[in-house]
Amino acid sequence: MSDSVNPADIHKTMLDQQKSEHRRRLILNLVLLALLIVAPMVMYPVFLMKILCFALFAVAFNLLLGFTGLLSFGHAAFLASGAYTTGYLLTTFSGLSTELGIIAGTLVATLLGLGFALVAIRRQGIYFAMITLALSQLVFFFFVQSSFTGGEDGLHGIPRGQFLGLIDLNDNLNMYYFVLAVFLAGYLLVQRIVGSPYGQVLKAIKQNEPRAISLGYNVNRYKIIAFVISAGLAGLAGSMKTVVFQLASLNDAHWHMSGEVILMTLLGGTGTLLGPVVGAAFVVNLEYQLSQGPLADWVDAILGAIFVLTVLMFQSGIVGQVQKFMKKNIG
Amino acid sequence: MSPAVQNQVGKKDYEQLRVSGLHAFYGESHILHGIDLVVNRGELVTLLGRNGAGRSTTLKAIMNMVGRRTGSIMINGEETMSCAPHHIARLGVGFCPEHRGIFASLNVEENLTLPPVVRSGGMSLEEIYTMFPNLYERRASPGNKLSGGEQQMLALARILRTGANMLLLDEITEGLAPVIVEKLGEVLMKLKRKGLTIILVEQNFHFAAPLADRHYVVEHGQIVEEVSASELDSKRSLLNGYLGV
Amino acid sequence: MSMILGVPVAVLFGQLLLGLINGAFYALLSLGLAVIFGLLKIINFAHGALYMLGAMATVILFDTLGISYWAALFVAPILVGCVGVAIEYFLLRKIAGQDHIYSLLLTFGVALIIQGVLTNMYGVSGLRYSMPDVFKGGMNLGFMFLPYYRAWVIVIALLVCFGTWFMIEKTKLGAYLRAGTEDSQLMQGFGINVPLLVSLTYGFGVMLAAFAGALAAPIYSVTPDMGSHILIVVFAVVVIGGMGSIAGAIITGVLMGVVEGLTKTFYPPASSAVIFLVMVVVLFVRPSGLFGKEA
Amino acid sequence: MSEEYVLETRNLVKEFKGFVAVDDVNLNIRKGHIHALIGPNGAGKTTVFNLLTKFLIPTRGQILFNGRDITTMKSAAIAREGVVRSFQISAVFPHMTALENIRVALQSFEGNSFSFWKSGNCLNKLNHRAMELLDSVGLAEFAHITTVELAYGRKRALELATTLAMEPQLMLLDEPTQGMGAEDVGQVVELVRKAAVGRTVLMVEHNLGVVSKLCDRITVLAQGAVLTEGDYKTVSADPRVREVYMGSASDPNASEKEANA
Amino acid sequence: QISDDMVKIGYLADMSGTYRDLAGPNGLIALEMAVADFGGQVNGKKIEIVSADDRNSPDVASSTARRWVENDNVDMVAGLVASSVSIAVSDILEENGKLGIVSGSAASSITNEHCTPNHIHYVYDTYPLANGTASAIVKEGGKTWFILTADYAFGHALEADVTKVVEANGGEVIGTIRHPFPTPDFSSFILQAQGSGADVVALANAGGDTTNAITTAGEFGLTQSGQTLAALLLFLTDVHALGAEAAQGIQLTTGWYWDMNADARAWADRFMEETGVRPTMVHAGIYSSTMQYLNAIKATGSDEAQAVRKQMMDTPINDMFATNGRIREDGRMVHDMYLAQVKTPAESTNEWDLYNIVRTIPAEEAFRPLSESQCPLVTSK
């Protein structure tokens, strides 16, 4: 380590490193994309769509937990508000094109997110989690009481309709590629956000909030925006889910759903882009497999055990663990 | 133990602490690389060194408060590598940590009486209040409402009550006004006269030099030099080199 | 008969009293949570499940060993307290010092496991537990009929709450506990066996939950999901009171019981949501809760 | 008069539930000075800093920056005005590289910090300036090291560089040498001296050596109120200051002599 | 004509949640008993069973059902407990031309506004529950009513049905309280019911809410003070959990009781051997409806939904479950219902000996008449 280091040199090596890493990530993403495109040929498309919807939900959630350091225990409220709005509009106004219903659902969730954020943002850590939980309980109460949600029967028979009035979404394959496209859009948006100048500030806030303030950042504004985007994407996931399954129910609004998305994110790996996707796929698949088999009545206990094991043994999640392994063995 | 038996290391008196080949780790990082030191009863020994040299870690390792350790630590001739921290304290060791560790939810008196008495011969509450009148005045205020200097006094006073006869003191002058630093110096001299063994980690060499019998210089987790008070002048430049004074 | 908002005053008195009784119950449950959070900084999501375990244990002890109500009031909390100590020793200890979120998730998982296992063993319909004979019947207060058991619940619950508060705020042991939560390592350096203290504290908080469960057994249907319903409400109580504030948990518990009772009188459908509404309002006005220390 | 003073406080008071921590303080910080705030422990120095940067809200009084009243401005806004503080405990973003730490500071001037749709590459143009800043505190070679892995002294240097990146008009340093060895103290003194060129510094410091070497003017606080003000000589000669604060160590040369003895 | 050369039945029910005990894993056993009793095959084709936990969630249920019918060649979905699940699943079955037999749900809307040509509602619904219990009690002199209603669609429907019946019989509903679902503590509501002075306090809720309300009513001496307690939906498992002591005297309507006749008893004995408990009406209904279904396939030689449903409609049902049973065009299986009263501890000889059958409510009287139906299958005729 000599004193005669030329800053420009260091700079160049860094750029090279960055480039090669970008290339590696690009390749990985392309491979995954190819897999997703051919997947419905070998697997049941509706099941894949379910995974994609939850993956989008978890990705949205992770923007908050993983990249902003805020634990929301109320994300079910956004999933459900997206789902109900879309479901209600599509059933009430028949002929409304599907994408409009989805956009409306996303918007409502976004607005609700803004409301949550304005109330909760002044608190940190566990208080933040508890306030979001309380707010989502109020939303749950609202959904139970309102007539447009169909109470505990939920909304059903929601028409899938047509995309842009052209593509018939009742066909599972069409529907699948539509969901895939929306999912990718959401995923890429989050990826972009994380790498953006804004994402850099989020990272800074997560690591040392007082310092970020002293550098002139109005941290609450940044957090609110992150929260709102996350809520909007969660709403989008809910809207998509409604269209896929043609129903919206109170389940989406229950606090267990908020717990489930935490599990997905944690299991896959918080703070990684791919983690929540992997986590969602894992959990959805696991729940399906268990519910079919002889262990059906043990689902809760098994999910609980997975929670415990994840927290105890690999907090960095599946993707985090793989990354660590790669770093060690590949360098 | 009279203060007369100090200064020469060679002269074996009662050996209160012997650390040999001590390694310590925080997770994956290897902090101490084989510390060897001996402290006799009634001695005041300092650990000097740059930031991050591992002085605080040495004290913590003696208390078994670091991640992982290897080597040997004998206190009063007893091996303590496998002892839990609370057992070590009961051997008569009093530890005053780097950041004072005043409990905010307890008031001054509760803070004072918190550490259990580990052996007889500790100071009584009255004696402590006589020594630190400020603490008596503020005995009912919550710990975190004290000024920095008072907190430091409290941290020190707290372990005097327990009857510990070996004190591990980490940077007790840090962030204190010069008047208070002076006062602390007087307190340490008094304690030494009472025969307590003291291991002092100090940044403030000016404070430590007139008090100590011997100095160990720590660098990169190892003892690189030992200087007794009488050798201070002859090894001055050597010390300056190590400490960058 | 005079009326308030269309409700006879006598009825209102009755409702207030019932609210108070329920509040004492909430106080007992939230106290355990507050002890565990205040002293150990653990968000104990398993609290509801352990409350349920207390009630189940009371029933099962009676069914299998014929242990009476009075004995169960001691034995069940101790047994469940041991379960708590085991949870602390084998699980929570492994993640000590990490972000609170992890203890929350860990105990959430533990709650799922406990509830899942008991569902498989005992079904969901509930277990039967009959009221001890001394408590059969009740007294006529003029404005309402008060079952003896409810009177007993409020007395014993408030006694236990007060005793706990006294122990933590006014005794040496309490001082150890409070100090241990600030810097457990240093406490250990003073010669105090902190790991033991932590286990016992968690066990104690759990015991309070189980005690509430044992008290609940004769009056609520004892089912594996009885805890999951009440958990979220009790959390809200603790947050409103100010997390970690012992006195806050007790007072807020009683207060929320009354608030809920009044809602049940004037607008029943909102009675489960009202506490969350209060919570949002309180936190908006006083971010650290009614009795919480300013952060 | 407001032309020569960067920062003035008028009758600044902070009470904590009846306890007056800052009592009617009038500070006048001259442009271009390195100004020290000293005083016994608990005198209210950190509290004054917190008031200046709005981490605490003043109970009464006014704060003027370049003659403008900033008493009601929020923390972040004050920072953008050019009043930037460093912390008593080291404040860095631990899981970012040194370079990224600096970039976060530089970025706050870019006006793109809410652009969540933009690629992070648009920040690369800040790299050059960031490297310059790192170089100026001797950290160029550590640009790509994650900050947690840096030694304590280097973290402080990084923090200072980050503060400099804000191009502050007024820098507030709270005990910049606390817990440092002699060597690092020397380095920090040099850094501060360099950084102070063309700007104003207000610092809290217990190390009298540092104060005497660096500071143009010193305000002594005691029990929340200003005891006296002046240059080092005047202040250290004041018997009241000796009594409440300096003790016999008031002459830095004396203590050095003692050490050399 | 049997698709894929086998008959595949999917059992979809809550296996781990609130409705576990009344259908759940034991319902699967009932289904397996039926298939075994049928010989494991029909017309030489194998009968296969798949099962899944719907976790009480219409989402989970509909995605499972969709996969079953679209991907896994399931011909009929049985079980179906939560009403929201049944409604969601019947949409999917209609879309895919498969059959569903609902055994667990209470909502009468399943064969009313939500009726489809692709499902059958077999065991009971809220109409006879309200009708049977309420009309009997009003006739006995319980003129004024106070209703505690679970605040969701099921409770609302039940409340509306009861109100209608009470008023039709000359009684009066003098108060209702809609309580949140779930409510752990009913004391406040019981006190209000007590204060109302009504002759009858009716519980328009289910499961834990009902048992909690009954326990609290006992504690507050509701019946001692002269009021009658009527539980509108109470399963054998609930009463068993309460015990005869707490539940004694309560009147309720049930579609079946294990001890009501020799056939029922014989089957219940076999069931108890398998499971260790006595069957609820839902368990019995699952067994019976599966038998009917398999018989219809045997008779028609086809597993096509409409053919089978038609055959089932044409065959009257007389077995261990029902006498005079028949499936109407709206999909409602109508059969005799029973007004029961919970025995006193002294009358009860063992833990499952819980009901006295007070009255048989004839099929035609029990269920909603077709003339009142909103089902398009009926009205469009």
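In this document, chain identifiers A, B, C, D and E correspond to the written order of the chains, with residue numbering beginning at 1 in each.
In this text, a residue touches a chain if its C-beta (ideal position, glycine included) is under 8 Å from a C-beta of that chain, and two chains touch if they have at least 3 such contacts.
All values derive from a computational prediction rather than experimental measurement.
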(request) Please identify each chain that touches subunit C as well as subunit E. (result) A
(message) Comparing the two chain pairs, does B-C have more C-beta contacts than B-D, or is it the other way round?
(response) B-D
(message) Using only Cα atoms to place each chain's centre, name the chain farthest from subunit D.
(response) E
(request) Round to the nearest whole Å and give the separation of the Cα centres of subunit B and subunit C. (result) 45
(message) Between subunit A and subunit E, what distance separates the C-alpha centroids? Give it in angstrom.
(response) 39
(request) Please compute the C-alpha centroid of subunit D, do the same for subunit E, then give the distance between them in whole Å. (result) 75
(message) Which positions in subunit E are in touch with at least two other chains?
(response) 16, 20, 151
(message) If a residue has to touch 2 or more other chains to count, which residues of subunit C qualify?
(response) 116, 119-120, 269-270, 272-273
(request) Give every touching pair of chains, nothing left out. (result) A-C, A-D, A-E, B-C, B-D, C-E
(request) Write out the stretch or stretches of subunit C touching subunit B in their complex. (result) 175-176, 178-179, 181-183, 185-195
(message) If we count contacts the way the header does, which residues on subunit C are in touch with subunit A in the complex?
(response) 43, 91, 94-95, 98, 100-102, 104-106, 108-117, 119-120, 232, 235-236, 239, 243, 269-270, 272-273, 276-277, 279-280, 283-284, 287-288, 295
(message) Taking the touch rule as given, give the residues of subunit A at its contact with subunit E in the complex, in rising order.
(response) 44, 46-47, 50, 144-145, 150-154, 156-157, 172, 241, 245-247, 249-252, 287-288, 290-292, 296-300
(request) Would you mind writing out the residues of subunit A in touch with subunit C in their complex? (result) 71, 119, 122-127, 129-131, 133-135, 137-138, 141, 145, 255, 259, 262-263, 266, 297-308, 310-312, 315
(request) Would you pull the subunit C residues touching subunit E in the complex into a rising list? (result) 8, 11, 14-15, 18-19, 21-22, 116, 119-120, 123-128, 130-131, 137-138, 144-145, 147, 149-150, 219-221, 223, 225-226, 229-230, 261, 264-265, 268-273
